[in-house]
Structure formats: C-alpha cells, structure tokens
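Labels run A, B and C following the written order; every chain starts at residue 1.
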C-alpha cells in the first residue's frame, strides 16, 4: 500500500519534469522576444537589451533551462514577464476559482449522469433509454464552447436569467456566476457518465447474483440501486479521474468564454503572449494535480472494491 | 408534476421580452456633486501600478488616476472636438515653470502644501528620485525619454547614482538641464513615470511597489484583487478640488468585449469603452442610447508598414501602387464609421499636421499601371503579418481583397503580440505588415522621430521598422525637434508629412476615433485623447441618497 | 467486451452505422462540391454583402444563412470550412493511428525493454493535459511560421494522440503473439514482415478501424476547440471552430454567424459517433 503510493508520487515527479521540459523547449522554439513583453512596444533598443540582460534571456538555452529547473527544485517559480508578479502568487490566486469550477462541474456531471444512466438501464431499450442515449450522443458531440455559447445566448442574453461573466461576490452571487460555466463544462462529461453507467449496469444486471436477488424478491429499484450500482462504480470513478485532464483543458475555453478568473484563462493569456514563467507554472501545477487526482481515484477504488486491496 | 413545472418555467422564460433601453436616468442635479461609485472594465489584465513599469493602456487607466505630475493635461469635454483642448499642457504639481532663452535650462516651482495620500509632503527631491529610478530600472521602457538630460547616460549605464542634470536646490524647486534643445521635452515630464516618489517609500516597498503606490493624484488605492478588480477611492489629501468627484472607482479586469456591453446594459458597469462592432451597430440603431455615445478623435494612426529596403518594395512605384490600391472607404465601413482616412501618420488635431494633404484616392487602374511600370504587370505574392485579433483579422480580409484586385496576393499570418513585434522589428522579417502607433505624448515628434528617423533602426526590435533611411528626412526631423518657434516648427512638420506621403513607407490608412457609451447619470465625461479613460473630472448625477434614478415606465429615455 | 446474452446486438450496429455514414456523406458533399457551385467563400464583398454602416446581412434568398462581417456568404463558408476541419482531423487521425499501430505492434512483438519503455511513454503522455500541450505546440508552430495553421494542427494532434491506439494495439498484439497459430508460424520460420502482414494486421483491422473512428471524433472536437482559441487556419481560410469564435460577438444582431458553424460541428461529430456505435455493434459480432 505505502509502496504503491510512493511509486505514484515518484511517477508524478517524472510526469512534472517531462511536462516542464517539453513546454520549455516548445516555448523557447517560438520566435518572439520575451523582453518586448517586459518593456512594451514603445521601448527603444537599449531598453530592450537591458531587460534581456536583466532576465538572463541572452544566455544559452541549456543555461536557461538548468537555471529554471534549479529554481523549481527550490520551490521558486519566478516572476511573470508581463506583470513582474511572482508566479507562485498567480497560481495561488487563480487555482481556487478553477478548483471551484472543476468541483462544481464534476458534481454536476455525476448529479446529471448517474440518474440518467440508472434511468436508461432501468427502462432499457424503451423510450427513456433511447431518449437518454440519443441525448448523450448529441451532448458528446458538442464541444464545451458551443454549449457555452448557447447557454450564454439563451440564459444570459435572451432571457436575462443568470450573470454571464465574472466571479461575483462570495455567497449566492458567486453560485449564480458559477452555474453557466459549470454547466458548459459538465454536460459532455454527464453524457459520458450516463453512457458508461448504462453499459456497466446492463452488464451487471445480467450477472448471476442479480438473478439471485431478483429471485429472492428484492424489488427492482433496490436491485438496481444497491446490488447492480455498487460494482459499476469503480469504472465510473476511474473515468471521472481521467476526465479531470479533459476538464482542465476545457477550463481554458470555458473560463475564457465566461470571464472566470481561473488558471485556464490565465494559461491561455500567457501562452498567447509567450509569458513563459506563467505557462510553465500552470503546466507544472496541472500535471501535479492530475497525478494527485489519479492517486485519489486509486485509493477510492481500493475502498469501493475490496478485491483490489490484496493485489500486490 | 416537476416536469410540467419546469416546462412552464421554460415557457415563461422564453417569452420574456427584455427591455433594452437605458434602465436609469439622470436625477436632475444642477451641477457637479461628490459621491457615488463608478465601475468600468477592461478586456485585459492590469499589469502593474508602478508608473516606471506601466507602459500599457490598462496600467495607464490606473496610474492616470493615482498620480499627478509637474505638468499635465486638462480633462476632455464631451463633443467630438472636445479632445482638442485637452492637449495643452497645464500646471499640476508645479504651479509654474520657466524655460531659459536657449531652451536648455528648466526650472519648476512646486505648488505649496501638496501631499501624498498618506499625508506626507511632496518635495522636489521626490521628482529627482523618480527620474533617476526610471533611468536605473532595467525593466523600464522610459529611460530613453530622458536621454537629452545632462548626466542621464551615466545613470543609465550604472556609472553614477546621481543624475547631474536634475537638481532639487530646495523642497519647492526642481531644475533640469538638457544637453540639446528639445521642443517636446515638457511632454515627457507629463508622462506618469515622472510622478514624484519618495526614496523612503520606494525602499520600504521594494518589489511590492507594483501594488503599493503612494498616490499623488486625485485617487488612491483601496484594494486590488489582481486579475479581477482594482478599487480606487478619493485621495483625501489631494490638492485639486476640481478633480475627484466620484468617491470610488472600480476597474474590473479581464472582461471579454462582448460581455462588457451586456454588463453595461444591465447596469453592472457605468461606462462601456470601445464596444465591439456589433454592439456599436446595435447602439447606433437605438434612439434611446445614441445621445449617450461619446466620440473623441484619438492620437493614433493605423496602416500597413513596408520594409522599404526589400524588393519589390524598394521601388517607390510599388509602394505608391499599394497606396492607390487600398479602398479606405471600405476600411471605414468595416469600422462602422469610427475612423478617418489618413494621408500620413499625424492624426487630426495634432500640431504640425497638414490638413490640405488629401489621402491617396482609391484608384486600382493607376495602381496596376504603376506596378507594370515597376516591372510587375502581373503583381506578386507576398507574406503579410498581422496581429491575432478581431479587428486586424477583418482588416486583413479587406486588404487582401483590395490588393488581389491589382494582382498582389497576400499570404496572411496572424501572430501574437510578442511574436509579431519580433518579426516586424527584424530587417529580414516580413516586408509587409499591419501596424499602428499610439502617441506617448501629443507632439509630432512622438510619431515621426520614432518611426522614420534612421537613428531608430536596429538589427533587433527596430522601432523604425520600415528601415527607412533618408538623410534629408533625418536632418529635417532633427531640426524640427530643436526648433522652439511654433510657426517654423509647424512648417517643418508639414514638409516632413509631404515627403513621407510621396515616399510612402507605409500604406496610409486611417485614424481611429474613441467611442465610449455612458449611463445617463454619468456627467461631463469624454474619453481623453492622451489618457483614453480619465474619470477624474466626471461626476454622477444620482439621487440624494446616492441611488440611481430609475427611468420611469413609458418615459422614453431622454 | 462481448455480451452474448444480448439478442439485438446482432442488428444493433446496422442502423446507426448507415445513418452516420449517410450524414458524413452529406457533410463531405457539402464541403467539397457545394462551394464550387456558389459564391467564393473567401472573397469579401463589402459593397453588396454589408449594410451601409457595415453590418452583416440577415438570411435571405440570396444568402440562405446571411453574410458575415466581411460580407461573405455564410452558407458557402460553412460548407467550405468543412474541408479544413475534416482534413485536419482526418490527417491527425491517420498519423496518430499509424504511429500507435507501429509502436503498439513493435512493442508487442519485441517485448522486453522496448515494451517497458513504451508503456512508460504512453502513461507519461496520458498523464498530461494533452489539449493544453497541443495548445502550446500549435501556438509555437504558428509563430515559427512552419505553416498557415491547419497542417501544423494535424501534426500536433497526431503526435499527441497516438498513445491511445498504441495501448490497445499493444495489448492485442501480445495476446495474438501468444496464440497457438502465431507461435506455430514463428516456429516454422515465418519472417516478421510475413507475420505482421498475414497474421497480425488482418486480426487488428477491425479493432484499429474502431479506434480510428473514435479518434476522429475526438480530433474533430479538439480541432474546433483549438480553432476557437485562435489556432485555426490562416485567414481568409475558415474552419468551424474559428467561425464560431469570429461570430460570437454578433450574438445580438447576427446569431446565425455562430449557429451555422456550431450546428455543423455537432452534426459532423454526432455522425462520426454514430459510425463508432455502429462499428462497435459489428465488432461485437466479429468477436464472437
């Protein structure tokens, strides 16, 4: 058990190293002088040269890379080229909004997907099943920005129901601001969850122990809700944990669309302006978080499915 | 049951028609009153509050309210030409100044009793410290503006800490010595980097200075949740009772352009700067909103910059042909009338601009003839670089179509800001690209010197990105800069304009007009031609209890 | 996963497969045939395609889906944009599947260190927010001017998308390599190319097709998302995601600028999903 966690942690470190190395190389391959970002379009050649020297941008690629990795190991992430704000601070400020958004999206995804999956399995091959499967297919075919744009237009503009942009004030206002972006994020995931759960439940319902339960007179609701659902959960948890990677990426688009002050939007702005320290910071953080979530999903499955506990 | 309810709710929601006229009106107050809060937004992030680092538009929205300088500009008045009067330099923290006969010695007398927002006195040494700090700070773009000050080079190069040409003989006097005559130098002192800063505060704040401003202007910092919102409150120690009517200014960061207008319409914002084209078009069609649109000529210029050293553009006939090929009426239509066609870099209202020079007419036949004469009867293909963004994209589309008509085929590449700057500033970069210039200060030297003097040519990050090198132009530019007689100076700039018009190192296209829509209760406001968004003289016509007066039902808004 | 107890499984694949293929055919015809018949999708028409103030025209007889902000026919453009979207996704898919097939098969056949290395590499790439990486890579390629956009996007997708294929192919290859008849063939001295051609590929074909279809749907979505954030083909060439991005600010006055390309994306991806569902049904039959 401990060994397993340790292996996971070591692996996460390897992933993080890989991620920042690749990102570093890609970003340095881009023509474009980061010093221009520091001093702006009106600065003369001398100002440009001074800023380059001050930030070590004249050093060779290897020196810059080694320096960066050295700093990261010491927990130092540098400063944004654009704002001179410490990257650690930027990450800290924007991680919480993204966490709220992703948390809400995952909850919504499960809250919508699980009942729909249950319903589809309960009325298998009848109209609810067909409607849900069809709807799920459609939802899976719509990218988050299309769903987002539609929500924006209808709920935000046409009906004037919900706030469409920004973070809002803490409390109910925040919740109201969260609804649309979370929904845009959650819809495809909910569809995937419903589909997966339906398939798992159909498989489970055909198994012997279900037949036994039914023969013993357990009501159909309990058969589905208690006996069949439980063994179907581990794959759902695994799928959701994999989805986190997808959600993180979706956050880039959805946060930009709804003006949500999260890491995704920050990353996109930084990429478009080649603000390297910020991009590297976001990549580092997201790979660590994804690894952590995988670990959590692992542990959750251990708890849900006693059989895996003895493994290794 | 639940399903029926949900269906009903959905139907009700679908049928609800939202009233889209202004939701409030002016309370009817008869003159400026203090109080209220104004919320405005920007599409980008606020980078810094340190005036020595703040070069971008958004940072200026903040520093403009936080800092006063020795001399400044009066506020803009509503009305299209309202910006003109706002370009004259007026005393701010200095009550007066003298310039010596030869133009090399400047002496400022500070206003009595001026204070920072913490109550400490503003003294002449603080200005000296601020200027030296700009020279010392590696990341500051402003050091170059002080190149004409005696001893500035020593400080910039790190040889000395003390700038010999800037002296504070006592608390109320500041003297500056220049090594060469410069008619535009006073404008430099009106830039916000020249705002006073006490050494003690700078050393206490250290790297935190970017978010711990010591305000000398009408507003001071209340709070800044970075990336989200900046809140400014009135500076109780400010000297000027004619500025700072509104109690609290809130700047919301990173609000997308399409969202900004929607928030404005709902009353979540009090002003909306440069609404996107569709929103502007919509506004123009609403009688209730039209009177609330403010337009001001801005000090900017847009066009296509050409690298004049690269064939086929080294031939002036080709450059002129491109100027004839572009249909400026199309461009103005694409911008929904918020632009004026241009004949050169100097915008309307700028000193030294020649108003009699007419823009190149749209004449494809002539363009084709010129191209044929230059040896390109069938045109040519060329790479064209532009910025990623909505407006550059549309303009590229129009340009591509116009040039295709005379046989010049553009391969368009849209780049991010940094990559774009890098590409166009290199001698071997793209020969044709989108360009624009926004003044640093409202003087022709801020346009012509930087973009067309051969001194500004460099191998990397060249400011003169046309790589335009004409000895006669260089000489004329230097003469005009040192000329102190306004009439002679204006004639010199008119000659320069003519020369550049004929030589066509750019495709001259247009100047943008600033558009800002305000709620009915926002009074005496227009975008400022230098600072763009300046709410220091704006007041809110609210009800006595500070709430907004709702528009009465059925009353047509104004 | 064969589910033998499912009687309708036999027929289940046919209807979705047919519907999906027909829809794709329609989209293909729209993308490659329709633009040739109508107005030039890339040519701005500022005189006739815009109002006097420069606003897009509403749908009418002349332009069934209205015009865009440069006065171009939206219907012609939506059709034409299908080329970029479909080609990018398809090229990316081909690349990803080819790479995945190569990596998976060689690891499955050779085994040992190569197998471990591959497993690690796959895990590495999968543990990383792929689309975020694609975003960086595409930005970089765009700025480096390696090409106008569409091609580099396909390469980025291909280079990042192979692990999913490789993983499945690897597992199946290993199972096949251990199968009696392959062991026998090897024992009889069959060369590796012969082994691959005669025994492996035919057995992998159905599986790979299914994976390719799923990858295609994923890449269509990824392409639209990346175009949406501005990494689509260079102007004036359109792609659907790019059209949604460009049109989004017109939600108030010209919603067709967003609705038309958005619908095109959803319909196309749904069609590919239907094909995937259909193939799954077929696959289940094959596997039994």
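Note that in this section a contact is a pair of C-beta atoms (placed from the backbone, for glycine too) under 8 Å apart; a residue touches a chain by one contact, two chains touch by 3 or more.
Predicted model, so just to flag it, every value in this text is computed and none were measured.
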Graph class of chain-chain contacts, one of line, ring, star, complete, other: complete
Contact-richer chain pair [B-C vs A-B]: A-B
Approximate Å spacing (C-alpha centroids) for the pair subunit A, subunit C: 22
Euclidean distance of C-alpha centroids - subunit B vs subunit C, Å: 44
Centroid spacing, where centroids are CA-atom means, of subunit A and subunit B in whole angstrom: 38
Residue list for subunit B, restricted to those that touch at least two other chains: 388, 416, 419
Subunit A residues counted as touching two or more neighbouring chains: 30-32, 157, 256, 272, 274
In subunit C, residues with contacts to at least two other chains: 139, 143, 145, 230, 248, 251-252
Of subunit A, residues touching subunit B in the complex: 30-34, 36-48, 50-51, 53-54, 82-85, 89-90, 93-94, 156-161, 164-167, 256-257, 259, 261, 265-266, 269, 272-274
Footprint of subunit A on subunit C - complex, ascending: 1, 3, 5-6, 8, 123-124, 126-133, 135-137, 139-140, 143-145, 217, 221, 224-225, 228-230, 241, 244, 248, 251-252, 255, 258, 262, 265-270, 273-274, 277
In the complex with subunit C, residue positions of subunit B that touch it: 257-258, 276-279, 281-282, 284, 327, 330, 333-337, 388, 390, 393-394, 396-398, 400-401, 411-416, 419
Of subunit C, residues touching subunit B in the complex: 43-44, 46, 50, 52-55, 69-70, 139, 142-143, 145, 148, 230, 234-236, 246, 248-254
Residue numbers on subunit B that touch subunit A, as the complex places them: 13-14, 16, 18, 45, 47-48, 53, 55-56, 138-144, 156, 207, 210, 225-228, 252, 254-256, 259, 262-263, 266, 388, 416-419, 421-423, 440, 450, 456, 458, 460-463
